[in-house]
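Here the structure is laid out as structure tokens; the discussion comes afterwards.
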Amino acid sequence: MSTIIDSGLVAEHNAKLRSNLEADYAALGGMLERRGQNIEQLTTLAQGFAVAVPSWGVGTGGTRFARFPGPGEPRNIFEKMDDCGVIHQLTAATPGVSLHFPWDKTDDVAALREAATRHGLYFDAVNSNTFQDQAGQEHSYKFGSLTAASAQVRAQAVQHNIDCIELGHALGSKALTVWVGDGANFPGQHNLRAVLERYLDSMRGVVSALPADWQVFIEHKLFEPAFYATAIADWGTSYACATELGPQAKCLVDLGHHAPNTNIEMIVARLAQFGKLGGFHFNDSKYGDDDLDAGSINPFQLFLVFNELADAALREGEAFKPAYMLDQSHNVTDPIESLMSSAIEVQRAYIQSALVDRIALAHHQEQHDVLQSAQALKQAFRTDVAPILAMARLRSGGAIDPVAAYRSSGYRRQKAEERPARAGASGSGIV
Amino acid sequence: MSTIIDSGLVAEHNAKLRSNLEADYAALGGMLERRGQNIEQLTTLAQGFAVAVPSWGVGTGGTRFARFPGPGEPRNIFEKMDDCGVIHQLTAATPGVSLHFPWDKTDDVAALREAATRHGLYFDAVNSNTFQDQAGQEHSYKFGSLTAASAQVRAQAVQHNIDCIELGHALGSKALTVWVGDGANFPGQHNLRAVLERYLDSMRGVVSALPADWQVFIEHKLFEPAFYATAIADWGTSYACATELGPQAKCLVDLGHHAPNTNIEMIVARLAQFGKLGGFHFNDSKYGDDDLDAGSINPFQLFLVFNELADAALREGEAFKPAYMLDQSHNVTDPIESLMSSAIEVQRAYIQSALVDRIALAHHQEQHDVLQSAQALKQAFRTDVAPILAMARLRSGGAIDPVAAYRSSGYRRQKAEERPARAGASGSGIV
Amino acid sequence: MSTIIDSGLVAEHNAKLRSNLEADYAALGGMLERRGQNIEQLTTLAQGFAVAVPSWGVGTGGTRFARFPGPGEPRNIFEKMDDCGVIHQLTAATPGVSLHFPWDKTDDVAALREAATRHGLYFDAVNSNTFQDQAGQEHSYKFGSLTAASAQVRAQAVQHNIDCIELGHALGSKALTVWVGDGANFPGQHNLRAVLERYLDSMRGVVSALPADWQVFIEHKLFEPAFYATAIADWGTSYACATELGPQAKCLVDLGHHAPNTNIEMIVARLAQFGKLGGFHFNDSKYGDDDLDAGSINPFQLFLVFNELADAALREGEAFKPAYMLDQSHNVTDPIESLMSSAIEVQRAYIQSALVDRIALAHHQEQHDVLQSAQALKQAFRTDVAPILAMARLRSGGAIDPVAAYRSSGYRRQKAEERPARAGASGSGIV
Amino acid sequence: MSTIIDSGLVAEHNAKLRSNLEADYAALGGMLERRGQNIEQLTTLAQGFAVAVPSWGVGTGGTRFARFPGPGEPRNIFEKMDDCGVIHQLTAATPGVSLHFPWDKTDDVAALREAATRHGLYFDAVNSNTFQDQAGQEHSYKFGSLTAASAQVRAQAVQHNIDCIELGHALGSKALTVWVGDGANFPGQHNLRAVLERYLDSMRGVVSALPADWQVFIEHKLFEPAFYATAIADWGTSYACATELGPQAKCLVDLGHHAPNTNIEMIVARLAQFGKLGGFHFNDSKYGDDDLDAGSINPFQLFLVFNELADAALREGEAFKPAYMLDQSHNVTDPIESLMSSAIEVQRAYIQSALVDRIALAHHQEQHDVLQSAQALKQAFRTDVAPILAMARLRSGGAIDPVAAYRSSGYRRQKAEERPARAGASGSGIV
């Protein structure tokens, strides 16, 4: 594995921060020990954590109003792989890359596999795209894709998903994530039931093309791009469809795809209970599908999601392996910095959830000691595990402070020169 | 059947309004005819419509802050039956009464059946209550009922539901509605999955006590009285549980029990598609479970719900018979007036949905003629079917203007004398 | 005034529908008369109604995910004026056009004025755009415009608004609408107070450039494109700013720019009471700023807004003249059809609100007759005033059924040939 | 000052935990020092912090469905003062008590003042109650109080507020908090503008009765008990009214009284900027006015509120002194435990906000270094300041672990014997 950022630079960075980190680590270790917890076990856990990075996340995002490009944006999947490689090099927590077709399509699959190997990366779930029309595409998705009234459109959308499976298969992926924006903007536009019947029919075609060791993840979303009725709008629909589609079909939870006030961690618990929790798109949001950095708006909610995952892992054992992916839109930050920070935020929630004393918690719950039950979670959440995460990175070959190391490496500056600016798309021009 | 309000009074009332009604009816009939629709068919449909009245709805409601009693509130189930009788007499649309135990419990079941027969009423779904502690009750529901950690509490709650089935059976009901407020106020208070496992276990006990021709309706609700995590919080959980519990278990949709922005009509379509739509609690709301009069806040949404029901009826035929009930809290109106108006609102939505030309609509949908698809619904909704509803009442022996007839009857004034004021409970004293 | 669609075609269309309309009009007139209302007065009111059309609305909209172009989209302001002319010709309700700079900027102002005159149109409020970067622009708005930390950026944004005023002045407009997307995506990104101080400072520069007979409308919006904290997020901020900025500054209410569950009609009442209601952007929404057709999701809410406007007009007299504009994004319909239908929906709400007997309503309110107060509004809303609106159009030279007339005219087909397809922009490429 | 819980018990409790605390404190001190921060300054700040306790909060709360009483609930204001005394004794952070009239009315004001002095307490803002009818009250508030259509009702409500001021004056309070539930359940029930005009008129009467050194706090709330239109529903209305009512009128922010997705910390910033931030009712919520323990659902939001308060304090200096009060409903916990924990949560947010390096933050903001701006807040929030808070308590004479000390004291058990159970009110009996 060849590092993208000079490993000497990283070592130098770490050398400067090391003694402070060791002091913090010792201080935290003592505090944890006084509570009966062992910091080394947690650090080992942190080293084992991984969350996949979305290939599309390394470009600058935008809204329907505007996109403000950043310098040095990657122009193709190979440049994206470089950026993903930097993220993993410095965080040691993101070995997986989630591709998106046709955006990441390449004729040279071997070269792409080779690029992954070179950066110590592998390919996590692949994503299909039937929410946009591509140049030269025969039928438009304007009025739906997998759910379209037209059988020809549906067939095209099914075939695209099958193509994605084949590409993913060639790259070593083991799952396909299907998100469709299909839906209606007006009451009456769709026969709501017919739409879902067509969805199930199309998805049966997709499922039948899955290799035996693959899964398909159904991703629901309340709204956008459809603004009245989205075909797969909530976890109930996702779950019912996954049940209809058999054991290879599971549900994917994106933290920003729910109605206001929804208790997302309870959805996680429900899907785990009914054996249909496939994976996550981590991000954060305040209003809708805002696609903000994970943990930036409501870090306690992220912790509570991991608290459910820890409970499920305890119950299910090794069989319980939902896929973890980031899915964010970086409009005002350097995407590499946001993805590194977000991977760490998710890892933080994972380690904090490991701090919960589940036997004591169960005891408080049985005793109706509501206050201590609540405090058991709050104390774990309050614990500042930053030294654990930094030590895990250091031990795994990453950077103590990935953003600082990245900045001092000059990577972005160099890429800004190598990669001429992408033309500044400017939203869809709507107020 | 003996009428409660003097039938001469009603006849007199109708006589005064009749000629105007006939003129309006003729005018509307002409307008509909020019659109190719027959008013008489619609009037016949309206005469066949029925929605059940909740026994608890004839008293004045309140909030946790205060309850402001109204005059002449019924003090027991027999007085409530009188009030329900008035509602049905004047609207000719509410032959069913939905009871609530133990509130409506009586030792004299025969007398209660007799009261129903006398007023031309029957008993719709019965409701259990495990969200309050009753005087002399052995175990408290403070920390849950069907989902409680304590096996004794759960057994008590199961037994109460079985008692409700027995009482309902003796009264001729055919369904039990189970709503539990069980849930947590704090993250950590509950093991979310254990709570649902216990719910399913308890409900298996309830289901096993159902007569063969009975159904049990699972009613979900997002929040209140639990404010962090409610055991049966959404349709997804309700559906998953109904599936686990077998063919007698179905889902009940209360229009006010959803997260903000939820597309409720789509939930109706989903439950109909998957064979689990049991029935409705109709009401309206702007914020939470506001329990306002049906159609008072968003009448178009009520229409869209019936639009889905009309679609399902067309697909499923006679087998499709969800239970229709009102469930409202009348804090500032005369409950009898609100229930009459609300029954008419629901009936209005039913008739408006019958106005939709479903063949034309399907054609527009196939052609992606979004505007005309939307207009097909809007035109039906815009049609002022009030003359049809009034004529249906007149022909079925009700009042042309039920509220006016009720007011002129002096019923409330008389009851205010007969029924001394119920002590003014004053909320729970919380700001 | 030259009509764009052959006036013979429109006359032919009207001739076919006229007798049915007259029959419906007479039937409705009779029904209203039996309620003590005069249909002719209402028709005269309808003829006097006007709502402005946004120039950007005649193109197909899109989302950040994709834009699916329609045929014959206008490529410049003159083609947009043609489309606006069609809308007004057929609805006789949209004489105003609201421009958007720099999108609609032209070097030939005289030609633009001439185009307006030719189509019987005038220019309503002009809109500035500092939410996108334009080619060749010196400073980027990536990190804010009127609120930017950089004085140079702010100066550029102020100057753009002054340019808009000058352009609008040359075109006969009397108002500037200022919407800024400025805001933060992360807690900490902005000093929330400093941002508003800079906004006020910038706006003082804009206000000082207003001609004496101009108004400036401050448009607030909860979120998007900023997803954590938007500078002008709610009516409270808008009102406080309008107060600071003096009598020429007023607040503009877009129906889709509020938090879930917000009572928008109450905001209208508040702004009217405090003398700061400047105008409206009409549209409808279910989730966020969905920009759907007016009245398509919650028509009762649109009526309730007009109910407040009717109340204010009664109190304020002729001085009360808020600006009415549509602001919609047409993703799946023909924009001309949607704008015609939406103008009629707004006009419908206006006429329905005129049906409310305000003296009776005030009486019911004083008597605490809550049910009749509510019914007074519901009865007005339920009244199907379609024949009034159609007759108003007929008498004012429009089409009885504008969409049908438009379709039969072949206008879109012809434009599809004349105007080659605009390159299919495809969102910002973000999941 | 006499302690309620034996001070020997507290000392014994502290003695057991002291060495661990000192070790944790030293460990944290070292970590902070390595970041350039001094733990002693923070501990001093923590010792200076105070948040008032609501007298009504020491009883068990409930919902409209049920109230499940706890053991040993206080039966009058003197018993409530004892409970408040315990809270302050153990937390050393709650010297103020906020009374509620007429609930806390006493004929023996001197005795009440004496009780306060004995426990080291003083009286913070007093609260009026015109949302309930009291026994023997002449006019009902069923249809409004300060906003009622009836002049007699309004006069009664104004007089009650004046009575509250007088009582508060006798007790040494300096502020009156006015929350009215007045509002409508139906569109049409109220003339929205007339209601606010009457509110302002009534409030002018209240304001004119304020002593010169008093403030009146206007508390807004989106909904409940009114479910369609609440008179003082949002901060915009509160601010406009406070402006109309002059310099003694300010706005009070209850964290649970906003629409879903509202950015509350921005409202805090706005009110601070415009000089109208009067104070807070701290609590937490997930759905509506859930009145859960402060920081239990979204602790980061509580921190962000204090981040704005720290910014305002820096700008305004000593003049900036908003009132801090808890306002919670304890349905499933021991109220004393919840209030102690909540006071500590608020104190925690205060100390965490003091950790923010505001000069560095301002620098990041100016440089558009969005990621570091966000991280500056996140790092402060992540810091586990528990040892600081515990040390502050220890030094101020409180308990290191207030809940543990309280439990070991047997206070509740003793009160359960001394105070016979309050009759179990059971909600308002509405589903």
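As written, the chain order gives the labels A, B, C and D, with residue 1 at the start of each chain.
In the analysis below, a residue touches a chain if its C-beta (ideal position, glycine included) is under 8 Å from a C-beta of that chain, and two chains touch if they have at least 3 such contacts.
Worth saying up front: this structure is predicted, and the values here are computed from it rather than measured.
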Inset, instruction - Please name the chain that ends up farthest from chain D once chain centres are defined by their CA atoms averaged. - result: C
Legend entry - Geometric centre distance via CA averages, chain B-chain A, whole Å: 42
Legend entry - Whole-Å gap between the CA centroids of chain A and chain C: 39
Inset, instruction - Note the residues in chain C that touch 2 or more other chains, in rising order. - result: 142-143, 185-187, 189, 222-223, 228, 260-261, 263, 286-287, 293, 296-297, 300, 332-333, 368, 370-371, 374-375, 378
Legend entry - Chain-level touch network, classified as line, ring, star, complete or other: complete
Legend entry - Footprint of chain C on chain B - complex, ascending: 20, 23-24, 27-28, 30-31, 34, 260-261, 263, 286-287, 293, 295-301, 332-334, 337-338, 341, 368, 370-372, 374-375, 378, 381-384, 386, 403
Legend entry - Touch list for chain C against partner chain D, complex: 142-143, 149, 184-194, 196-197, 222-223, 228-229, 233-237, 239-240, 243, 258-263, 265-267, 269-270, 272-274, 300, 304, 307-308, 311-312, 315, 361-362, 364-366, 368, 370-371, 373-378
Legend entry - Residues of chain C that touch chain A when the two form their complex: 54, 56, 59, 61-68, 100, 103, 127, 131-133, 140-143, 179, 181, 185-187, 189, 222-225, 227-228, 260, 285-288, 290-293, 296-297, 327, 329, 331-333, 424-431
